[in-house]
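What follows is subunit A paired twice: with subunit B in the first complex and subunit C in the second.
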Partner chain A sequence: MSLYEIRDMAIQIDGKRLVEGVNISVEAGKCTAIIGASGSGKSLSCLTPFGLTPGEALGSIKLDGIELIGADAHQMHKARSRLTGFVFQQPLTALTPHLTIGAQLQEAAAQAGPSRLSRHELVQKLERVGLSRADERLDQFPHRLSGGERQRVMIAAAIAHRPKLLIADEPTSALDASLRGEIMALLDELRAEQGLAMLLVSHDLASVEGHSDDLIVMDQGRVVESGSTADIIANPQEDYTKRLMAATPRLTEPAPDLPAVGNMLMETEAVTVIFPRPGWRRGKIEAVVDASLTLSEGEAVAIVGGSGSGKSTLGRAIAGIGPLTSGTINWQGEVLPERRARSLAMRRLIQPVFQDPVASLDPQWRVSDIVAEPLKNLRPDLLRADRDGMVEKALDDVGLGAEYLERVPTSLSGGQAQRVAIARAIIAGPQLLVLDEATSALDPLVGSSILQLLAQLQRANGLTIIFITHDIASARRLCHRIVVLDEGRIVEMGDMAAVIEHPNADTTKRLIAAS
Partner chain B sequence: MTAIPTLLAIILASFFLMRLAPGGPFDGERPLPPETQAALQTAYGLDKPLWEQAWLYVSRLVQGDFGPSLVYRDFTVSELVAQGLPISLTLGGLAITLALLIGISAGLFAAVRAGKAADKTIMMLATVATALPTFVTGPALALLLGLWLGLLPVSGRGEGWSWLIMPVVALALPVSGAIAKLTRAGLATVLKQDHIRTARARGLSETKILFKHGLRPALVPVASYLGPAAAGLLTGAVVVETVFGLPGLGRYFVQGALNRDYPLVLGVVTLYAALIILFNLFADLIYGWLDPRMREG
Partner chain C sequence: MSGQKPHPSPSGEGPGVGQSKTVSHSPTPTPPLKGRGYSKHWPLWVVLVLIALALVLPALLPWTYDQIDWDAVRAPAFSGSHIFGTDEIGRDRLARLAAGTRVTLMVAIAAALVSLVVGIAWGATAGWVGGKVDEAMMRFVDALYALPFMFIVILLMVIFGRSILLVFVGIGLVEWLTMARVVRGQVMALKERPFILAAEAAGTPPLTIILKHVLPNIAGVALAYLMLTVPQVVMVESFLSFLGLGVQEPLTSLGILVKEGADDMDMTPLGLLLPGGLLVLLLVCLTIEGERLRDIYS
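Here is the complex of A and B:
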């Protein structure tokens, strides 16, 4: 019998059934993964049995012989704290901000029993998860650590009491591509070493492949397909699984057919952005140093790097929405001035689209006003009727009908909101779109439909694109060339296919391996 | 570092504003003969140009000299303040402690029972407490507990500590209402956050989750309210001290203002301003303890 066995589970919240007919089993030392889009009920299925969501679970859930449905408080407590460890998605917020790393680790270890660990033991636990300077970390507060370091602390805390089952709810989704691989490798290692049973939740096929033994595909609260991971990936049976797999960008898929490239459009020379270091400590942060790149008409260039590599800062400097310390940006031979000095016509040329579509739209505004706003500012000469016509046209271009005009952003899904953001960006007729992780926060299916939309716009409007991302496989679907950034410096630049074939810089190799 | 310029600005503004008010310290019911008036003006330096007087005042203040009282002529302002300050500080200090105790526990209780009858009742009472001014609650308390039930002294300082109860309660009530609301709102936000789920996943008891993981970040809004609350308590003390006939700073403040006793009013204003600034600095320190992320600008 498996260590953790869920039979015919249903989950309801306020009488509404959100999940039905779910069977999951996880064996000691093995990993079962659940994948699905957001809203598929995958996280709900993992967390509800332990009382960590507002939902109520029905059916049968057995952990190490204990039936969790209808379990009394004592048994539930044992199941939750002794037998199980949890790693959550957001390492930034999942740790308590006012308690030191040491205190939280101590608290986690105390689930096994009341004996306190010595400082030496705590240090060992942090070192086991690959944290450097572990002794110093014990006295630090979580905000001093980077996202990857915090996730390592979360993992150390999750296994500090030697649980039998580890539940990892999107453990790598909030991390950049190169860190994802490292964290997944760490989880694999710990699982083998401690004979842990692991239940892994993800929306991303790439982080499941090669790390899980069994796979469950969920959609809209139901299991679509389940079986051995290798079998499903090699030979998916259900239509949804096939679409999901096709939507996930891979480096092995055939190279896309990209539109032809015209004359030189833009050229940056030694763009440098320096920020003062926050707080009392003196000093400066060199976010971008000497970035020189070129861009031709109709060309799509990917700016790729890990988090903190300066890729967004460079994009913002080019788009004229962020600071520029030194260097010049030439636009068809003319120098583009600093952002405040740009004329309306210059601003119209370059438009940005951001990562979090819902957060980048004003929640108080209607879609029609959001999309019309650039016109009001950049084309004050237009009449209201012309403007309304252009708004409808722009929405139509991004695949949204007139029924969206009166909607507000909070009523839109992530994909719809990103389409509205793109409509806003293209309405004033820009030549260059700067897309900052525009598909990273979206599910694979939605993300790939946005990539398709961008490819269409690239052809139909002759748009030039700067595509900022940490994911080379997504960039490959759209971009002619690639620029790799590390610690603010361009470490590699060239034709997309050539760079993927023969990467030179270590950063590039790491990012390719992670894709 | 902005404390000293702020204090100076407050002193100068009060100095000039007060001189804009008509009348002077030597206008009694029976007017003094003009030559006596002039002699008094010269003696206290009131005949000098206004800016020079301001300069003299500030330069003496720096040396710790608050000047003489113009109305209580046998006393310096420092002596009057030394009499009143202990009473006002006791009142204010006890009131803020009581307000924090009542407010935080009421807010905690309401947050735990969110949406239930207890929550709604507490929040309604908090609104009432915040809305009722001390000049209503003070006399009402005196009437009920002092006159009708005869439990507590109505006015002045009696034996022991019982005379403090009513003034402190009257002062603390509005502040405790506001603190209860802030605590409740803060907890409602924090208890939804991810780190609470992490703590729950560790199998901690709900009480431990609340006190160890939830309460401290939830109190950040309360800490930012402490500065204005201290100001409210000090100005509220003026009313309470008058209602309960206590010789605190508030009474000197009001009488000083009515009598145009310039140095006395300025002295009290300076002291109040310094205390409020001090409280704001203190609140900043509390921030850092409540949420370590705030220690870095």
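Here is the complex of A and C:
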């Protein structure tokens, strides 16, 4: 019998059924993964059996022989605290800020019994999850640790009381791409070593592949497909799974057919961006150092790197919406000055699209005003009627009908909001789009449709694109060339296919491994 | 910089399958007040009813606030046409309460509005320009904070004599400081938001960005702090009046009424209890409502 077995579970909140007909079984030492878009009910299915959501679970849920449905408070507490460990998505908020790492671990371990662990044992636990200088870490507060380190502490705390089941709810989604592989490898290792059963939740097929034995695909509160991970990936049965597979960019898929590249369009020479260090300490942060790159007409260049590598800062400097300390940006022989000095004609050339689609639209404005904003400033020659016509056409170009004109951003889904942001970017007829992680915050299916839209616009309008991302696989669907940044410096640059095949820099290798 | 979706925490609410089609976004803007029951906002209704009474009553009552009824000095409640009786020189208590509430609220609202305008202008400029300008402007605010406010007001009164205008100046001097700090923080947070950057890329001039993008998005927070400023000003005004530095007799305010009542409380406790109770009720209701607004917006 499986360690953790869910039979025919339904979940309702306030009498509304949100999840139905879910069967999950996890055996000791094995990993079952649940994937699905946001709102598919995957997290709900994982957390509700333990009373961690407002929902109510119906059906049968057995953990180590204990029936959780209808269990009394004592049994429930035992199931939650002794038998189960939890790792959540946000390592930054999941640790209590005013407790030292040692205190957090001690608290977690106390779930198993009243005996306190010695300092030596705590050090061992931190070392087990691959944290360096463990002894020193015990006395530090969570804010001193980086995201990856905090997630390691979370994992150490989750397994400190030797649970039998580990529930990992998107454990790597908030982490830097190059760290994801390491954290997943650590979880695999611990699972094998301690015979843990693991339930892994993810929105991303690529991140569970190779780490889970069984796979459950959920959509809109229902299980679409379940079975062994290898089988499903090799031979998906259901339409939804097939679409999800197709939407997940892979490095192994055939190279895309990209449009031809024209003459030189833009060239940056030794672009450097330096920020003063915040607070009382004197000093500077070198966000981008000596970045020189070229861009031709109709070309798409990927700027990739981990978080804090300066890729967004470089993109913003080019787009004229961020500071530029030194260096020049040449646009067909003309120098583009820094931020506030740019003329309207220069603004018209380059338009940005941002990562968080909802935050990039003013919540107080209507879609029609948002899309028309660049036209009002950059094309003052247009009459109002022409402008309205162009707004409708731009929305049509990004696949949204006229019924969206009167909507407000809060009533749009992430994908729709990103389409509106793209419509705003293309309406004034720019030559270069700077896409800053434009697909990273979206679900795989939505993200891939946005990528498709971009590829279509690239072809139809002869757009040049700078595609800033941490995900090489999705960049490959759109880009001719790749520029790899690490700590503000360009460490590798070249043809997309060539770099993927023979990466030189360590950063590139890590990013490729994570894709 | 990586993608962070809203996500359930161990203690928080779970993801709603129905609602999460729309990507929700937490900071600042636009959670509407509508859709809540009126009963939840009872403090607001209490304040509105009190204001309405203060405005309407003087027209209905047979006595004005400074009229002396020589036949009924220190009359008890419900004697003749004096519902709450009269004070020690025979003025109708209800009429004086209505007039006092009017003056107090007028001073409070006017001073709060002044603080709103000055605070937003100062804070938005500092937050938007940033750097050395911001540093200088905010240090100035800190310096004003550090001044012993009561001392200054008393000095002003002594030098220039008592007048309601000076009460305004004195109160306005301090109340905009908090508003400026709050607004500056909000503007700084908004400044790096993608939609502001997108407006910049769209060629929108800075002043238009501030007026059309920044201010509408901090309106909620500013409103909340405005609501909280009103009771503070009521307090300050009453305190000044209690010390005899506020409004000039025979014009009255809640603070003066409390003082008069306190002087005479062994004879007629009603004279203290009525304005005191009214003051407490006003302060509590305004503060509850203001803090509720602030919690919604921040």
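Keep in mind that, in the parts below, the second predicted complex is superposed on the first by the 513 of 515 C-alpha atoms of A that agree within 3 Å, B and C clash if a C-alpha of one lies under 4 Å from a C-alpha of the other, contacts with A are read in each partner's own complex, and residues count from 1 in each chain.
We adopt the following convention: contacts are C-beta pairs under 8 Å (C-beta built on N, C-alpha and C of every residue); 3 or more make two chains touch, one makes a residue touch a chain.
Bear in mind that the values here come from a model prediction, so they are computed numbers and not experimental data.
After superposition onto subunit A, the partners subunit B and subunit C occupy overlapping space and clash. By the touch criterion defined above, A:108 lies against subunit B but remains apart from subunit C after alignment on the C-alpha atoms of chain A.
Contact with neither subunit B nor subunit C is seen for A:481 once the two complexes are overlaid on the shared chain. By the touch criterion defined above, A:320 reaches subunit C but does not reach subunit B. Of the two partner chains, subunit C is the only one that A:373 touches; subunit B does not reach it.
In the superposition on chain A, contact is made by A:86 with both subunit B and subunit C.
In the superposition on chain A, A:44 makes contact with subunit C only, not with subunit B. When the two complexes are overlaid on their common chain A, residue A:128 makes contact with neither subunit B nor subunit C.
Looking at the superposed arrangement, the partner reaching more residues of subunit A, out of subunit B and subunit C, is C. Within the superposed three-chain model, A:62 lies out of touch with both subunit B and subunit C [touch as defined at top]. Look at A:54: by the touch rule set out above, it reaches subunit C but stays clear of subunit B. Among 127-135, 145-153 or 163-171, the region of subunit B with C-alpha atoms clashing against subunit C is 127-135.
Counting contacts by the rule stated earlier, residues 52, 86, 88, 90, 93-94 of subunit A appear in both its interface with subunit B and its interface with subunit C. Of all residues in subunit A, only 13, 16, 18-19, 38-41, 43-44, 47-48, 52-55, 86, 88-90, 93-94, 169-170, 173-177, 220-221, 307-308, 312, 316, 319-322, 344, 347-348, 350-352, 354-364, 373-374, 376-378, 410-414, 417, 421, 424-425, 428, 437, 440-442, 470 touch subunit C in the complex they form. Within the complex, the subunit B residues that touch subunit A are 193-195, 197-204, 212-213, 216-217, 289-293, 296-297. By the touch criterion given at the top, residues 50-52, 77, 80-82, 84, 86, 88, 90, 93-99, 107-108, 111, 141, 143, 154, 157, 278-280 of subunit A touch subunit B in their complex.
For subunit C in complex with subunit A, the touching residues are 1-5, 7-11, 13-25, 29-30, 193-195, 197-205, 213, 216-217.
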